[in-house]
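Shared between the two complexes below is subunit A, which has subunit B as its partner in the first and subunit C in the second.
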Partner chain A sequence: MKDAQYSVLRKEQFDGFISRLSKLQRVVAPVARGYNNYSFEEVSSGNGISLKYIPTILPPKKYFMPQRETLLEFDTGRGLNSEAVVECEKMTIFGIHTCDLAGIQCLNMVFTERPRDYNYLMHKRKINIIGLECNEYCDEYASCALVNASTPSGGYDLFFTDLGDRFIVHINTQIGENIIESTKFFESAGKSDLEDLTELRAGKRTLFTKEVPVEPRYIPELFDRSYNSKVWDELGERCLACGNCTLVCPTCYCFDIKDEMDLGLKSGRRNRIWDSCQLESFARVAGGENFRKERSLRQKHRYYRKFRYPVEKFSRFFCTGCGRCSRTCMAGIKLKDTLNLLIEEFEETVSTLMEGNY
Partner chain B sequence: MKKIALTNSQYIMKKGKILRTRQLTDFEKLFEISLEGGERLDHEPGQFIMLSVCGAGEIPISVSSSPSNISSSFEVCVRAVGKVTNALHKLEAGDEIGIRGPFGKGFPIRIFEGNDLLMVAGGLGIAPLRSLIKYVFDNRRDFGKVHILLGCKSPADILFLDEIEEWNQRMDVYYECTVDRAVPEWQGQVGRITTLIPGVHLEPERTFAVVVGPPVMYKFVIKELLAKNIPGRQIMVSFERHMKCGMGKCGHCQIQHVYACQDGPVFNYDEIKYLKESY
Partner chain C sequence: MKRPKIAFFDFACCEGCQLQVANIGEPLLEILERIDVVEFREVMSEKWDGPLDVAIVEGSITNQHALDRIKQIRERAAVLVAYGSCATIGGVNGIKNSFDLEDIRRYVYHADYRLFPTAKTRAIHQAVPVDYSVNGCPVNIPEFVDVLKAILLGLPYEVPDYAVCVECKLNENVCMYDRGVTCLGPVTRAGCNSWCINNGNICYGCRGLVSNPNTKGAQEVLRKYRIPEDLLLKKMEMYNMCRELDKNEQT
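Take a look at the complex of A and B:
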């Protein structure tokens, strides 16, 4: 086992690298999709790839947990016969930002926890990951520094950092090494390449600072004290319960399971499709009882599923700071604003208590 | 895209054959089901299964029979209320359905043993509770005093009438039933189920209470039980929630940080009293 290794890819070789890789297997990467919108899509050359992009409309979770996937095929023609299936293919995702790498790490934890989800695990096994560093903020909605997702911490086979005329590439796994070997466009990194990377990271430390004035380790307590906050009522009044925030979230994985029959009404399949806790029917039982009937309760649930509940279970936040929920919300509900309001309210309560004491 | 068969998927169903059906009321039907090859379901009272009518879908249903049953089949009591349950009601003996599970934490019967039991069911709550009642009757000497309180909307809604008649005859169980709305022929009590609790003679420190019913029922029943000085951890509640996977993933059954499908559906009051979403 060698030490962590770095290689260099000259910018003029990038197109050739992607072209060759795409001949070996399916490659998806961020491409421009109308004004200020990007999407992970299949590519066959490097030219179509947006190397500078704000988080894509949908995060790469769509490859790990497709919007619709068949879990089971059944035939009721002669009694009941069924078979569990997974549809997957080998592929490489190029250009995943650190926020989305963190999102995949969250999903990995959820679906590898027992009872394991073997559909997810099959997708995971088939997908190679090439990360891409953000040298600067994508826009004002991001809060990746707050949740410690602005710099890489694993979760990739290769990781690209743009150094102007070249990329420096961190090789994290043997799979990554194999990609380097099989495409033959890389040079080994020299001292000046590593120095440039160190300098860039040092610069990032002053550029990326926590976007909300709270120590991350106090966030669970902030939420413990905010369960009855009026902030949730305000969110409830504005929320349109469209479910966009959860669909674009890299760590939201709630799903529905629905059967679909062929026209002959004998055979069919059981599909898993994305669902959203923001929809009115999500927690409603057949008898009519609804355990999160109010939009305020559903918004609150979303935030607690990001900042409070997973801390207990997985020792991390399930917010990666990508900003997609804020960017997509039709009612202008912004994650950073919500956290700021909770902090303000908490500080008011504390100061009122203090005044009462003295 | 390549399609691969998964032999270890948690979504694989066992084949279940409907052996018998029995119409209990206009809306509730009892199904006796056997698994392929005579395999036992091997459940605990209070656990649930995921039941599939392929094409209509899959739903969580509590098991109504006791694991102490000699036969290897099991029973579920189903109200026709949605797409899958209505499709299930149309099936007959001989038809095949899909079964996954059992899932979840059932009633802690080992802890109940040697103690008195106060079982309180509202409406369809008798369906999961029947698995415990039957277990207790099959192992009656392992328990102290046994009370069963039943509340229904009207006499026509009472499920398992023939069995209830039998409980009424037994000398080793205190049984009472009340209906919200009586009919002229009704000879029993009239009123909410909470009205039955003050009259029960019990020793709170050695009594475990089990409550199954809709939120509006368990909320008030728990209040009465606490008034009887039964400690919170000795009050067990079984929750009904929307569920899609049974494995703590799909998110539908989540009560704050708790998953009803894995951490429940049976909880003690101390576990859930601070969870606002539990009622």
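Take a look at the complex of A and C:
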């Protein structure tokens, strides 16, 4: 750790820092919505921010890829004239947990692949990211340690860690440096600040442990062997196909494209809107064929899209362990339970095989 | 279509959905440039008995007289739109179907009840073929405008066949079940942009149920949230009693 990369913000300066920053640009941060729900909302002072929060209803993805977004404006009255549209504004997101930082890293990989998604990339270019460390688990639904997302590994401009009376702030980019300089509330970090950070991280290593009894490197194989598992049928029987699990997931990015005409019926817009693989219509194609008509197949697909397919394509899991899908599921389908069931079933098969051999 | 001739009709209903047209506000002027309203009892006294490009029908079919009349309208109209819950799913009028028709007539009309013949409540599509549906109690104006545009373009309009939860999540509402309130969003067809929940109310199921609800799964959910099944069924019956008639036809 190089000291120059770290600054300190005293707690009593926090409110001033956010107020100052919000005068320079739009700032959004986690805000309490009641009933233990939080969401990223625009703030103008530090007081409204929930520094201790469980993952927000929607992940910060909503700023990179808004729920509904216009991609194109067209006017058929003027010879099929069309123009690409990106509506984005400069902003800073404060308080992103490490799981959600990982989520943004996943989306970055997806959307920089060719063909590039320019709307996503334009949003990304305008967004500054300030992370916030979880010193302890948000709640029992999290599985961030399993997927190595409980400590920071890049993907931010600044990263805040709460040290009681002060934050120690890791400066990761020039943008981060600029924020520190332009707001003028920060002090340079000393030896004791860095020691406290090291101590906190060491403590976290015993506090955050693999939430599911499996070595992460064996997960792909576990899934390879679980393709015909009865676990999927069980999930299918319970799932209501409401789509909640995927709509709140920080790494789900499926969308639908819809054209919307003006009343004059000549000009209009092409919009994209979030879609979900859990909805019955998602895999229905012309002629009425549906590739995943059964809820069980759709649930299975969701899990493979988190733990198997992206390992092949992007060499990482597309689950950040944020726990949102489990928290929001109407039917009480929980990601950790599902993984546990797959592991149990796998172990049973192995032991029967062994018995057969001896 | 060149300024299509459009008429509004009503059957058993409160006419609130037609009133929504008046609530459209400014875009209404632009809409009126595109269509030729020839009959609309709520806002004009002219009548029209010639052929129609589009008939917009509010209300449910509740007696023989209504049945004859809707058949006539259907014959005159190239396109027929079921407009509002009473028309699309029977709506609250369907509650009648949970009672004995004889009893219910006596209850409402007392001694003179024989003068008022009645029949099981039906949604419009249970009486005549329907081309477009605008669900809701009342209808959601943006959706009505979308349907109107689809009609003018000669395109089909697909009512989403997934739960209101989808739109509710997109709008980032706090889930009603987290607030400890029973909401019909998880089984109700979307398309209203989770209008009620955005405004702090629960979903009453006024748009009808998704076509393939997971009934068994839903019972699990009720157990999880300790909600008596009976309570939920009653809530569903408020708007969705006429669904029974669809089921009977299928079997």
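The rule we apply is simple: the second predicted complex is superposed on the first by the 353 of 358 C-alpha atoms of A that agree within 3 Å, B and C clash if a C-alpha of one lies under 4 Å from a C-alpha of the other, contacts with A are read in each partner's own complex, and residues count from 1 in each chain.
Convention: a contact is a pair of C-beta atoms (placed from the backbone, for glycine too) under 8 Å apart; a residue touches a chain by one contact, two chains touch by 3 or more.
Computed from a predicted structure; not experimentally measured.
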{"item": "Dominant toucher of subunit A (residue count), subunit B or subunit C", "value": "B"}
{"item": "First (subunit B), second (subunit C), both or neither touched by A:M261", "value": "both"}
{"item": "First (subunit B), second (subunit C), both or neither touched by A:E312", "value": "first"}
{"item": "First (subunit B), second (subunit C), both or neither touched by A:F74", "value": "first"}
{"item": "Which superposed partner A:G34 touches (first subunit B, second subunit C, both, neither)", "value": "second"}
{"item": "Partner chain in contact with A:T92 - subunit B first, subunit C second, else both or neither", "value": "neither"}
{"item": "Residues of subunit A that lie at the interface with subunit B and also at the interface with subunit C", "value": "261, 265"}
{"item": "Complex contact set, residues of subunit C against subunit A", "value": "27, 30-31, 34, 145-146, 149, 152-153, 160-163, 165-166, 169-175, 177-179, 185-187, 210, 212-214, 216-218, 220-221, 224"}
{"item": "Residues of subunit A defined as touching subunit B within the complex", "value": "70-72, 74, 76, 79-80, 82-89, 110-111, 113, 115-119, 122, 227, 253-259, 261, 265, 268, 270, 275, 277, 282-287, 289, 291-292, 297, 301, 304, 308-309, 312-313"}
{"item": "Residue numbers on subunit A that touch subunit C, as the complex places them", "value": "33-37, 39, 57-58, 62, 67-68, 237-244, 247-248, 260-261, 263-265, 273-274, 276, 279-281, 295, 328, 330-332"}
{"item": "Residue numbers on subunit B that touch subunit A, as the complex places them", "value": "1-13, 15, 52, 54-59, 79, 81-82, 85, 96-98, 124, 214-215, 240-242, 244-245, 247-252, 254-257, 276-277"}
